[in-house]
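Next come two complexes, and both contain chain A; in the first it sits with chain B, in the second with chain C.
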Partner chain A sequence: MSMGMVFALIGAALSTALAGMGSAWGVGMAGQAAAGVVSEDPDQFAKVLLLQLLPGTQGIYGLLVTFITLSRIGILGGTPIADAGTGLSYLFACLPIAIVGLVSAFHQGKTSVACIGLVAKKPDQFGKAMLFPAMVETYAILALLVSILAVTNI
Partner chain B sequence: MAIVQMQKLSICANKKHRKEILEFLQNLGTFEVITDEIDDPELKKKDTSSACSQYLKSADSFDQALKVMSEYFPEKGGGISSLTGREEITRDEMNRVITNNREYLEDAAQILKDKKEITECEGVILKDNNQITSLQPWKDLGIPMSYEGTKETKVFLGTIPDPLGADELYAKASKDLAEPAGISADILSTAPEQSCIAVICLKKDSDKVEENLRSIGFTRPSQMVTGVPADEIRALEEDIAANEKRIAELKDDISCYTGRRKEYRIASDYFRSRAAKYKVLGQIPQSENAFFMEGWVPAGKVEQISKILSERFGALVEKEEIREGEEEPTLLRNNPFSAAAEGVLASYGLPRRGHVDPTFIMSIFYVIFFGMMLSDAGYGIVMFVGCAVALLKFPHMEKGMKKMICLFFWCGLSTTFWGMMYGGFFGDAIDVIAKTFFGYTGNGIVKALWFEPLKEPMRLLVWCMFFGVIHLYTGLGIKGYEYLADKDIVGFVCDIVSWYMFLTGLILILLPSDLFTSISGMTFVFPPFVGTLAKVLALGGLVIILLMSGRSNKNWALRIALGAYDLYGVTSWLSDVLSYSRLLALGLATGVIANVINMMCQMVAGSGGIIGAILFTIVFLLGHTLNIGINALGAYVHTNRLQYVEFFGKFYEGGGRPFVPFQTANQYVEVKEEKSL
Partner chain C sequence: MGDLDYVYAVARIRVKEKSLLSDADMSQMAGLKDVKSVIGYLTDRGWGDTGTGNDPEAILKAEEEKTLAVMKELKVDSDVFDLLSLPNLYHNLKTGIKEICTSENNADAFFAHEKYGRDAILKILSEKNYKALPEHMRAAAEKAYDIMLKTGDGQMCDVIVDRACLMAMIEAGKKSKHKLLREYAESTVAVADIRVAARAAKTGKNLYFLTEALSPCASFDVKRLARAASEGEEPLMNYLTSQGFGDAAEALKDSPSAFERWCDNRLIQTIRPEKRNAFSLGPVIAWYLARQNEIRTARILLTAKANDFPEEAIRERLREMYV
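Let's turn to the complex of A and B:
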C-alpha cells in the first residue's frame, strides 16, 4: 500500500474517531442529566431525549466524511491514490470535521445538559432550550462543509 | 395570517345571575377575565379560595384514584393520551355524573383508602422478609433466641467473624479450662464474614468462656427475637401470606370500581372546571346587589356575547377602551396550512399588538427548508403517510399535538419533493436492490430531477445561499412593511431600502467577479449597464446608511460614526447567508448515510437468495429507521434555528401575551353539544 493511501486512511479514521469521541462524550453527559430529570418527572422523557441526541450529530458528520473519503480512494470505490501528496491532502481535508467535531460535540453536550435543566424547570420552554445546543452545532456544520468540499474536490 | 382583533368588554349584572353568567362564559371559552384591582370601597371581592381548593382536592382525588386503577388494572388501548385526545361525552352524561358526584367521591375515597392499606401491607411484607432473611442463619437452633441457660449452664448465642470448624471453636472456647471442659460448641451456619454459633457451658466457667469467645470476635446478635427461630420464621411466613391475601382482597375491591373510570374522569373534570369558576368568582368585584367584570374577547364575537348576556341575564355590556399600561392578549388565526406552524412561532414568542404575524410566510419557508434538509423521497413518504394515518386514526387529538403532526405532514410532502429533485429514495436503494437481487449492471435507474448534491456540492451551496438571501430579504421586507404601516417613510427608505440597495449592489458586483467564478465554477456575464447599476446601488445604499442610520443624533460626527458602525452590520449578513450552508450539509448527511446503510445491506445480502433477502430487509429497516429519526431531528432543529435566528433576527420581536380565555379545565373529556355560538 502506498504512503498516500496510508495518509488518506489516517484522515478517514480520524474523522470518524475524533468526531465520534466528541459525540459519545456529549451524548453521555447529556444522558446523565436526562436520566436525572426523568427520575423526577417521567413525562419529560421525549423532550430530554431529543436534547440528549443533539450532540450526537457530529459523530454522523465524521462518518459521512470518512465514507466520502473511502469511496474516493479505492476502498469503497474510486481510484487508489499513488502519491503521498494526494494522501496528505485527504488527511488535511478530513481534519476540520475531526477536530471541530470533537470540540463542538463536547461543548454542545454541556449546553444540552444546561438545557435539560431548563426543561426540567420550565417544560414549556422546550423550543428555546433546543436552540442553544443547535447554536454550537453551527460550527460543526461549517467544518463538515469544508471537509466535504475539500474531499470531493481533491 | 393575522392577529385576531381583540375588544375589551365590561359586564355589569345582577348578583343573582352571577353563577349563570360565569358558567355561560366558561362554556363559551372565548372570554379572558381581567383581574385588575378596582378602588372603590363599595366593591368587595368574595373570598372563594377555600371552596376553590376544596374542588381542586376533589378533582385530585379522582386523578389519584384513576392512577391507582391504571397501576393495578391497566386499560386496554392505553387510556387517554395526548394522541387520542379527550373523550367526547354528551351533556346528559355530564349531568348524570354531577347528580351522583357524592357517590363517586366516596368511591374515590375508598379506592385511595384501599391503596393506602395495600401500601401498608406491602411495607409489612417487606419488613417480614427482611426479618426472615436475618433469621435464616439461626433456623437450626432448637432453643429460643432469648434463652439464657438452665440453673447450671449458660448459653452464648452470637456471631464470630472467622469461619471456624466445630472442633476449632471448641478448642478456642475451652482455652484455659480444665479438661474435659463442660462445653458444647455448635456452628449453626457459616457465611462469609459471619458464622453463627451457640456455645453452652457450665455457669462457673461462663466468665472464662465469654472472655475466650470475645478474643475471637464474638458478638451477640443485634436484633433480638425471643422465640425459637424456626417457629419465628413460620410465624413471619404466615404473616406474609395473610398480608398477601389482604392485598389480593383489596385489589379485588379496587377492581369493582374499574367499570366507572369514565364517570371518574368526568367528575374530575367537573370539579376542576368548578374550581376554575370559583377562582374567577373570587376575582370579580361585587357590591351588595351587583357584580362587575372586565375581559377581552375576539372583536368578532362581541355582538353575539353582548346580545346573549343582556337578553338572557339582563346584564349591561359595554365596550371599553384599553387602559394605559394594559396589554392586549394575542390570538393567532391562520389558514389551515400555516396554522400548523403556529406552535413554532409560539415557542419563540407571540407577536405583540400592532406587529405582523409572520406565521404564514414562515410556514412556507419552514416546509421548504425542512424538505431540503431531510431530502429523501422515501423518508418523505414514510413521514407524510405516517402523519396522515395518525391524523385519521386519532381525530380528537390534543390541539398542540395535532398542529405538530400537521406540520410534519407538510414537511413530509416537501421532503418527498426535494428527494425527487436530488434523486434520493432511501438513498440509492433502488439501484442497490436491482444490482444485488436482479443482476442489474447498468448505471443509476433513479435519476435526479434537478441534480445530485454529492456530485456538485458547490452548485447546491450557491443555491442554498440564494434561498437564504430570499429568506433574509423577506424578513427585511416584513420590517419594511411595518415601517410603512406606521407611515414612517424616512425610516423605510433609510433602514430598509438602503440595505436592499447596498446588498443587491454588492451581490451584483460579486457574481461576475473572478473570485466567485473560481470558487463556484459558475460564470455570470452581465451586460455592462448592470455593472454600473450595481455600483450605483451599492454606493447609494452605503451613503444612505452612513448618513441616515444615526439620524436621531444631532451631532454629525457621532451620526456618521453610528452609520459606519451600522455598515459594519454587513458582516452579520455575510454570516447569516453562510448559515444557510446547513441546508446543503444536512441534505448531504441524509443521502450519504442512507447510502452507507444500503452498502451494509448489500454486504450482508451477499449474492442474493432468500436468506440474503431476509438479512437485507432487516438491516435496511433498522438502518433507515435510525437514519430517519436522527436526520428528521436534525432537520427540525436546524429549520427552527434558521427561522428563529436568521429570519426573525431581521424583524421580529415577539413578547406578546397569549390569549388565555376563561374556560372549562377539562383534562379527560370534552362535552359535545350544539353550541349556541
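Let's turn to the complex of A and C:
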C-alpha cells in the first residue's frame, strides 16, 4: 500500500472517529438529562428525545465524508492513490468535519442539556428550545460542506 | 464527580422545581381563613401522604422526609449532606445539654439524625464521651456542657454551640468543591453574625460577649461589627450600611419580624442564580434549601393561622420563595 493511500485512510478514519466521538458524548450527556426529565414527567418523552438526537448528526456527517473518501481512493470505488501528495490532500480535506464535528457535538450536547432543562420547566417553549442547539449545528454543516467540496475536487 | 456528571440529577430537579410553592401561593394561603383551609391548599398541591391526614406537623414532617428521600435517590455526596445538616446537628447538641442539665424532657425539640439523634447525644453527654462526637463539635460540647452545669447560663451555652456550628460551616464550606456550598456557608455565617449583633445591640451586650459570639467571615470585619454593636443600634446600622448590608439595617429599623424575614431571604437570594445553571450539583443543593425554606414558611403560616394572627402580620412574616 502506498503512503498516499495510508494518508487518505487516516483522513477517512478520523472523520468518522472524531465526529462520532463528539456525537456519542453529546447524545450520551443529553440522554442522561432526558432520562432525568422522563423519570419525573414521562409526557415529555418525545420532546426531550428530539433534543437528545440533535448532537448525533455530526457522527453522520463524519460517516458521509468517510464514504465519499473511500469511494474515491480505490476502496469502495475510484482510482487507488499512488502519490503521498494526493493522500495528504485527502487527509486535510477530511479534517474540517473531523475536528469541527468533535467540538460542535460536544457543545451541542451541553446546549441540548440546558434546553432539556428548559423544556422540563416550560414544555410549551419546546420550539424555542430546539433552536438553541440547532444554532450549533450551523458550524458542523459548514465543516461538512468544506470537507465534501475538498474531497470531491481532489 | 465533575460538574457534568450531575445532568441527570439537575434535569430531575428542573421538573421538581415546577411543584415548589411560589410567592403567589404563599400570599394566597395567607389570605385563607384558617389552618384547615391552608392544609387543604397544601394537600391539593401534593403535600403530606396517606397517613398524615390533617395534622400540620405530620404533613411538614412527611415533606421533610420526601426531600431527604430525593437527595438520597440522587446520590448526593456525603460532604454536601454533612454541611447542610450541621445546623440540625448542633441544635441537637444544644437541646441535649439543656435536657440533661435541666432534667426537662425535650424529645420533640430534637431533629431526626442518622448518627446523632436524641438518644445518641444524651448518651454521649451523660458519659462525657466527647470523642464520640465529630471532631469540630468536641471542644464546644465540653465547654458548653461545663458552663451550663456550673452556671445554668443557657444563653452562653447557645452562644458557644452556635459559634462552633458557624465555624464548622465555614470550614466545611472552604473544603467543599461546590461553589454554591462555599457561598451558602459564607452567607449563613454573615447573616448569623448580623442577627447576633442586632440582638446584642438591642439588649445592650458588651464587647466581650460579642467577641465570643461572632464568627469570622469574609463579608465584613467581625471585630468592627462587634464594636459597632456594642455601641448601640444606630452605630450598628451605620456599619451595616457601609458594608453593603443597607437592606439589613432597613429591616432592623422596620421590625424584628422584618429582620428575620430579611435573614431568610438573603439565603434564598444566594441560591437563586442556580435556577439558570444546567450543570454542577448547585441546582440540586438549591432545590434542597428551597424546600427547607418552603417548609419553614409553611410552618410559620400554619402557626400564625392557628394563633389567629391578622393577615397583615402573617404577610410580614412570609419568606421569599425560590421560584
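Quick note on the criterion: the second predicted complex is superposed on the first by the 154 of 154 C-alpha atoms of A that agree within 3 Å, B and C clash if a C-alpha of one lies under 4 Å from a C-alpha of the other, contacts with A are read in each partner's own complex, and residues count from 1 in each chain.
Keep this in mind: a contact is a pair of C-beta atoms (placed from the backbone, for glycine too) under 8 Å apart; a residue touches a chain by one contact, two chains touch by 3 or more.
It should be emphasised that the depicted structure is a prediction, and the values quoted were computed from it without experimental measurement.
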Clash or fit (per the criteria above) of chain B with chain C on chain A: fit
First, second, both or neither for A:A33, with chain B first and chain C second: second
Touched partner set for A:I116, first chain B, second chain C, both or neither: second
Which of chain B and chain C A:F106 touches, first, second, both or neither: neither
Which superposed partner A:D41 touches (first chain B, second chain C, both, neither): second
Partner chain in contact with A:G56 - chain B first, chain C second, else both or neither: first
Which superposed partner A:F7 touches (first chain B, second chain C, both, neither): neither
Chain touching more of chain A, residue-wise (chain B, chain C): B
Where chain B and chain C come nearest after superposition, their Cα distance in Å: 8
Doubly contacted chain A residues - partners chain C and chain B: none
Of chain B, residues touching chain A in the complex: 344, 346-348, 454, 457-458, 461, 578-579, 581-582, 584-586, 588-589, 592-593, 595-596, 599, 630, 633-634, 637-638, 640-641, 644-645
Chain A-touching residues of chain C, taken from the complex the two chains share: 4, 7-18, 278-279
Chain A to chain C touching residues, read off their complex: 29, 32-37, 39-41, 110, 113-114, 116-117, 120-121
Chain A residues touching chain B - in the complex, by the definition given at the top: 50, 53-54, 56-57, 60-61, 63-64, 67-68, 76, 125-128, 130-131, 134-135, 137-138, 141-142, 144-145, 148-149, 152-153
